[in-house]
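Before anything else, here is the set of structures, which you'll find just below.
You will see subunit A twice below: alongside subunit B first, and alongside subunit C after that.
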Partner chain A sequence: MAMNQQRKGRGLSQTQAAAILLVPFLAVYGAFLVYPFFHGVWISLHDWNLLAVAFNPDAREFVGAENYIRTLWGRNIEWGPLASPVMQTVGVLGIGLAFFGFRAGRLSKATALALGIAGSLFVLLPGFHPGEDGRWYDRRFWPTVGNTITFVALAVPGVTITALILAAALDGETRAKAVLRTLFFLSQVLSVTVVTLIWQIMFSPRQGLIANLTEALGGSPIVWLTDQQFAMAAIVIATIWWSLGIAMILFLAGIQDISKDIYEAAAIDDATGVKAFWYITLPNLKRTITLVVVLQIILHFQVFGQSHLMTQGGPNDSTQVLVRYIYQTAFRDSELGKASAMAVFLFVIMGAFSLVQFIVGREEE
Partner chain B sequence: MKHVLMGTALAAMAVTGAAAQEVSLGRFFGACEDAGTDTTTSTGEACIIQSIINAADAELDGITVNTLPTDWGNYYDQIVAAYAGGEPPDIHVMHRHRVPQFAGLGALAELSGDLEAAGIDVSDWAPAALDAVSHNGGIYGVPMDFHANLWHVNMEIMEAAGLVNDDGSPILPTSPAELLEHAAMVEDATGHDYLAADFAQFPIGVRLVLSLMWQQGENIFTEDGTATIDSEAARNAVTTITQLFDEGYADPQLNYADSQQAFLNGEAAVLVNGTWVVDFYAAEAANSDVALSDYHVADFPTLFDEGATWADSHMWAIPASLKRDDPETYAAALRVLAFINDHNIDWARTGHMAVRNSVLGSEAYAGLPHRDEYAGTAAIARDTPAAENYGAIQDVLNRELQAIWLTGKSIDDALSDAELEVQDLLDG
Partner chain C sequence: MLNRSYYWLITALSIPAFLWLIPTIWMVSLSFQPNDVLARTTSTTAFGLIPIPFTADNYVALFGFGQTPLWFLNSAIVALGMTLGVLAVSTTAGYALARLEFPLKRSIMVLCLVGLMVPEQAVFIPLYTMFADLGWHNSYHALILPRMAVPIGVFLMMQFFRAIPKDIEEAARIDGVGWLQIFWYIMLPLARPAMMTLAILTFLYAWNDYLWPLVSAREPDRFTITLGLASIQSNFAQSEGLGRVMASGVIASLPVVILFLMFQRYVVRAMTAGGTKG
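Let's look at the complex of A and B:
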C-alpha cells in the first residue's frame, strides 16, 4: 500500500515529465522563432505596405508568389552556358574537383557532394541573364547577393586563417601569451557601432592611422571607404578584426584537446614547429575548422552593420549586402512583403549551409 | 511630525501631478550634451535645437520634454517603424519632402484648427513655409526653416586666383565653361582644388545635379509621374561637374566629413554644402588653429538660364493618433511646438532661413553673421518634386551618379539606368 502510494506520488512517466520540462522552451521557441518565421513567410505572399497596413489593416492584398517573382526574376530571362564565364568556370572547376577528389579518396562523400552542389549552382545561377529587351524586375537584388557572397568568401577564410595562426601562436602558458589572448579577444566584445567607428577613423584618408602610415612611407593615401576597389576590402578587414575572438577561442580549445603524446612522438621524428602544425595540429583540428567555417558562413551572410555604417552600401552599391537591402526595402520603402520574400531567400541559403554542417557532422560520427 | 510628513507628501503629489504631462520628442540633427537652456548663445544645429528643447522643458509649466535618440542615419526608418508599431513620438521633426508619404497615409495630425489657440500665428508664416506644411488643403506641421545649398567660399584662395570683385565679394562662374576657367585659375595660382563637396556618400551630388537641371528649366520627373532623367539637361548638369573631376580640380572621393575638412584646411576654394553650417564655419574661421580664415558665403551661382538651388524645410509634426486618443498630451505637444515657433530667430542662427515674416523682417535676423551674403537664396530655392517614395528615388540617383564619378560608368548608361529605376519607383 505504502509503495503504491509512493508510485502514485511520483505519478508521471518519463515521457510526461520530459514533456512538462520541455514546455517552457517550446513555448518560447514557438512564440519567438517558429511563429515569426511562418508569419514572415505569410507576409511575403502579400502586397504589404508597412505604414499603410499600420493605419488600415485591410490595406494588404494577397499576391501569391509575386514578391518572389519581382525580386528573383525578370522579363525575357534566358539561360546561357557562357553568360557569366568567370563564375561558371569556377563552378565547373568545383564540380570537377568534387568528382576527382571523391574518386581519388581525398574528399569524403558529404564534402564532395556539398562541393558538387555548390559548383552546380555556380554554373546554373549566373547563367541566367536578361535576353533582348529583357531586364531583371529588381536590378539590385542579384548584384546584392553577389556582394554578400563576395563578402562571405573573403571574410570567412580571413577570419579562419588568422584565428588559426593566432591560436597556434598563442597556445601556451606564459603570461605574455595569456595577455595577448585577452587582447585579441577584446575586440569581439565591442558592438558593431564601436567597431565601425574605430575603423572609419583608421581608414579616413585625412586623419586615419593607415593614411598617415602610407604618407610617412611616401605613398598617397587610399580613400578606402569610397573607392570601389577598396570599399569591400575595408569592411572585410574591419570584420576580421572584430570577429577573430570566438574563432580563436574555438581553435585554442581544439588545439588543447590534441594529445601532447602525438607532438612528443613527432618531435622524435624531427617534426616540430611549422611541420608539427601542418602534419599534426591541422589534421586533428579538422572538425573544429569545419565548425568554425560553417558558423562563420552563417554569421557573415547576415552582415549588416559594417556595410550600413561604414560605406552605406556604396560606392555604387559595391558593398550593398542582402540584410541591408532587406532593411531598406522594409523600413525605408515600407515594402514589407518584398522584404520578407528576400528574407525567406536568405533563410534558404543559411538553411542550406546548416544542412551541410549537419551532414558533415553526422558522417564523421 | 505626522502632519508635516503628510503635508509634504501631499504637496509632492500636487507638484508631480501637475508636472506629469510628458511629451516625447523625436529629432535628428545629432546629439548635444550640456546644451543648457540658454537659447541665445548655443552654436551648431544640434546644440541650438537642444537648448530650445531644454528651455521648453524648463519654462513650460506642467510639461516635461523627453528627447529621443538623435541619430541622423536611420531617423526615418525609426519613425516609420515607430508609426507601424503604433508608438510614434508625440512630436517629431521631419522634412517637407516627406509630407506626402506621411500625411498621405493619415499618419499626421491636421493642425489648422488648433494652432491659433496654442499661440501659433499662421499668418506670420512666409507663404512658402505655409506651403511646405500643407497637404491637400490641411496643415500638417509647424515649419521651422528653409534650408538650401550654398557656396561656402575661402576668400584667401579666391584672392590669390584673382577672383574677387571690388566690393570684396567672390567672382563666381556664370556658365559651365567659366566654372572650368575659374577652377584652372585657382589651380594655377594656389595648386588647390576649386570645389569640394560630398560626392561619395551623402546625396549632395544629387542636389547639385538637381539644381543644375532646374537651372535649365527641367526636372527629374514630371508631375504626372514620368521619369525624365535620361535627358540633355541631365547630361549637361552631370558634365558640368565631371569636367572638374576630369581636370583634377575636384576630388569625387571625399565624403561629408572629409570634404568639410578639406575646406577648413584651406585646400579648396569652394565647398558646396547647406545653410546649416554657416555659424559653424564662421566660428571655425575665427579660430586661429584652423587654416580657413577669410570665410564668405554665396548664393548658388547660376550656370545656366535661371537661378535655382536645392532646398527643403524642416518642420515639426504630431501623430494623428495623439490628437485622436490623448487630447491632454496633444495640447501639451502643441505648446511645445508654439515654443519652438517662438524661437525661430534662435534656430536661424545656424544659418538656416527663418519662416516667420516677423523674424525675416527683424534687425536681429539681418544682423546675423554672413546673412546678407546669401540674401538671394530664398528667391532661387527649389524643392525636390513631391513623391511618396522620394527617399528611394534619391538613393537611385545617388547610386548612379556615384557610379559615374567613382567607378567610371558612362554617363549615358547611368542616366538611362537611373531613369528606368526611378520610373519603377514612380509606378509603385
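Let's look at the complex of A and C:
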C-alpha cells in the first residue's frame, strides 16, 4: 500500500504537484478576493440600489464616473493655497522635512519620497473648496474623511509614543518585566465589541467609573460620548488602550536587535537610562518606528467598531468615519454604487500606505 | 543588574500597569454584582472594582435564557472551521510556492502579494451581493470563506518552508518519494510551529471579527458572540441588566484570553506577523 502510494506520487511532475497544491487556495482567492474586488469597481460604475437590484437584476444602470463625482466633487469647486491652513502647513512641513532630511542624509530615498508625496497631497487636496454659490455634492463625505484623519492623527502618535516608552522600560529577561508586558498586552486580544462595551460604560456619565472618580474628587462628570468636544477623545482613548500591544511588541523586537555592545560602551560614558534611550535606542529604532507608524495608519484608517458602537458617529457627525459612512451608504441607504465608489477611494489610500509599508519592510531586510 | 533603580522602575511601572488593567477588572467585577444594585449605583465597593455584594446569578441567567450560549457555539464553529480552512489552503499553497518549480510561479506570487493590499472594507460590498445571489447569508460558510482567500497565511507558510534546509527533501527524492508525500509526511510535521502561529492568528481574527458578520449574519440565531455582544450593548441598561451584559462580555473574552495566557509566545508572534504583513 505504502509502496503503491509512493510510486503514484513519484509519477507526478513538479508542475502537476504544484497545481494540486495550489488549486484550493487559488480557487478561494479568485472567487472571494480577486473577483469581488473587480466586481466592486464594476458596481461603483453603476447606479445600483441594493433592494431594487435584489428584486430585479436589470434595475441597475451604467453611469460611468458619476458616483465618484457625486462623492468627491461639487459645484464651483476652486483651489486655494489657504483653504485649509492647518493641513496645508503640515504638508509644507512634510515636504521640507523630506527635502532637508534627504539632503542631510538622515532619511533614505524611499522614506523621503514617501514623505514628499504625502506632504504634496496634504498641500494639494485640502486646497479644494467650494467657491461662491458652490457646494460639495456630498456634504458629509469630506468631513468624514477629515474625522478619520483626525482619529488617525490622534491615535497613531498616542499608541506609538506610549508603546515606545513601555517597550524601552520593559525590555529585559526578568520575571517582573514579563508579567508587566503580559498585563499591557492583554487588552489587545479582546474583540472590538468587548472594548466598546467596557469603554461605553467607563465613559457613561451616570454609571461610569470615570464619572464616579470625578465626582469623588469633587468635579462634575463629563458626558464623554455625547459631547462634541470629548467624543473623539473618548474613542481615541479606548483605541489606544486596545491596540497598544502590537506596537509595543514590535518595538521590543526592534530593541532586541540593537547590539548590547553599544549600550555597554555608552554605560562607560555614563549614558544609561533616559540618556541611553534618547541617544541609542531612538536613533537605532528609526526603521521600526516608521514601520509601526505606517502599520498603525493602515489599521486605524479602517476604524469602524469604536465609532459605530460607542458614539454612532455622533454627536453631530463629529466621530463619523469613512468605513462607517460606507457601511451606512450601502446597507442603510441601499446606495451600493456610491458606497462602492467610496470603498475604491479607501482602497486607493490603503494601497498607497501598503506600498510604503512594503518598501520600508523590504529596506529592513 | 538587580539594583535599587531596577526595583524603582518595576514599582513605577506597576502603577500604569494596574491602571491599564482597571477597565478589564471593572468588567469582571460588574458581572458578579446583582443587577438591581447596579441599576442604582456601579460604585458600591471601591468604585465597583470589588464585587461586593457578590452574586453569580448573571452567569446562571446567561446560560439559562438568552442566546449567548448559541452565539458562543456559533463563534466556536466559525473560528474552528476558519482555522482549519486557512491552514489547509495556506500550507499547501505555501509549500508549492516555496519549494516547487513550475510555470507562472512568479506571476502567481505577485498576484498573491497584491492581494495583501486589499482591505476587507474594499470588498465587503461585492462579497455581500455575491453571497446574497448565492443565498449563502446567515450560514457558517458565509462567515468562513472570505477569510480563506486572504493570502497572509500563504506568505507565513511560504517563509517558513523556505527556511527548511533542502537536503531533507533531496534525500527523500533520491529514495523515490513523491512531492505530495514529501509535503504530507516530511514538511507538514516540521511546520507545526508555523501552523500553530497561523492557527492562533486565524482563530483570534475569526473570534473577534465584527464587520463581515455584521453584514452577512442578519438573523440573531446566526450571530457570533462578537456580533451578539454588539447587538445587546446599545440598550444594555434597560433590557438585560448591566451585570448580565458584562457577564456576556466576560464569556465572549474568555476563549481568547485563555488562548493568550496559554500560548503567549505564539499569540505575540501571530499578532506581530499578522500586523506587519496584513
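The definition used in the following text is that the second predicted complex is superposed on the first by the 334 of 365 C-alpha atoms of A that agree within 3 Å, B and C clash if a C-alpha of one lies under 4 Å from a C-alpha of the other, contacts with A are read in each partner's own complex, and residues count from 1 in each chain.
Note that in this section contacts are C-beta pairs under 8 Å (C-beta built on N, C-alpha and C of every residue); 3 or more make two chains touch, one makes a residue touch a chain.
The shown structure was predicted, so the numbers you read here are calculated from the model rather than taken from an experiment.
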| item | value |
| --- | --- |
| Which superposed partner A:R135 touches (first subunit B, second subunit C, both, neither) | first |
| First, second, both or neither for A:A18, with subunit B first and subunit C second | second |
| If touched residues of subunit A are counted for subunit B and for subunit C, the larger one | C |
| First (subunit B), second (subunit C), both or neither touched by A:F304 | second |
| Which superposed partner A:V223 touches (first subunit B, second subunit C, both, neither) | first |
| Which of subunit B and subunit C A:A52 touches, first, second, both or neither | first |
| Touching partner for A:Y327 - first (subunit B), second (subunit C), both, neither | both |
| Touching partner for A:D317 - first (subunit B), second (subunit C), both, neither | first |
| Partner chain in contact with A:G351 - subunit B first, subunit C second, else both or neither | second |
| A:P205 touches, of subunit B and subunit C: first, second, both or neither? | first |
| Subunit C-contacting residues of subunit A that also contact subunit B | 50, 53-54, 207, 309, 327, 331 |
| Partner subunit B, residues of subunit A touching it in the complex | 50-55, 135, 139, 204-207, 223, 225-228, 308-309, 311-312, 314-318, 327-328, 331-334 |
| Complex contact set, residues of subunit B against subunit A | 73, 76-77, 80-81, 83-86, 101-102, 105-107, 200-201, 253-255, 257-258, 261-262, 265, 389, 391-392, 395, 398-400, 402-403, 406-407, 409, 417, 420-421 |
| Touch list for subunit C against partner subunit A, complex | 2, 5-6, 9-10, 13-14, 17, 20-24, 26-27, 30, 38, 41-43, 47-48, 88-90, 92-93, 95-97, 100-103, 105, 108, 111-112, 115-130, 132, 145-146, 148-151, 154, 176-181, 183, 204, 207-208, 210-211, 214-215, 226-227, 229-230, 233-234, 236-237, 242, 245-246, 249, 252-253, 256-257, 259-261, 264, 267-268, 271-272, 275-276 |
| Complex interface listing, subunit A residues touching subunit C | 5-12, 14-15, 17-22, 24-26, 28-29, 31-37, 39-40, 42-43, 50, 53-54, 166, 169-170, 174, 176-177, 180, 182-194, 196-202, 207-209, 212-213, 216, 241, 245-246, 249-250, 253, 273, 291, 295, 298-299, 302, 304-305, 309, 323, 326-327, 330-331, 336, 339-340, 343-344, 346-347, 350-351, 354-355, 361 |
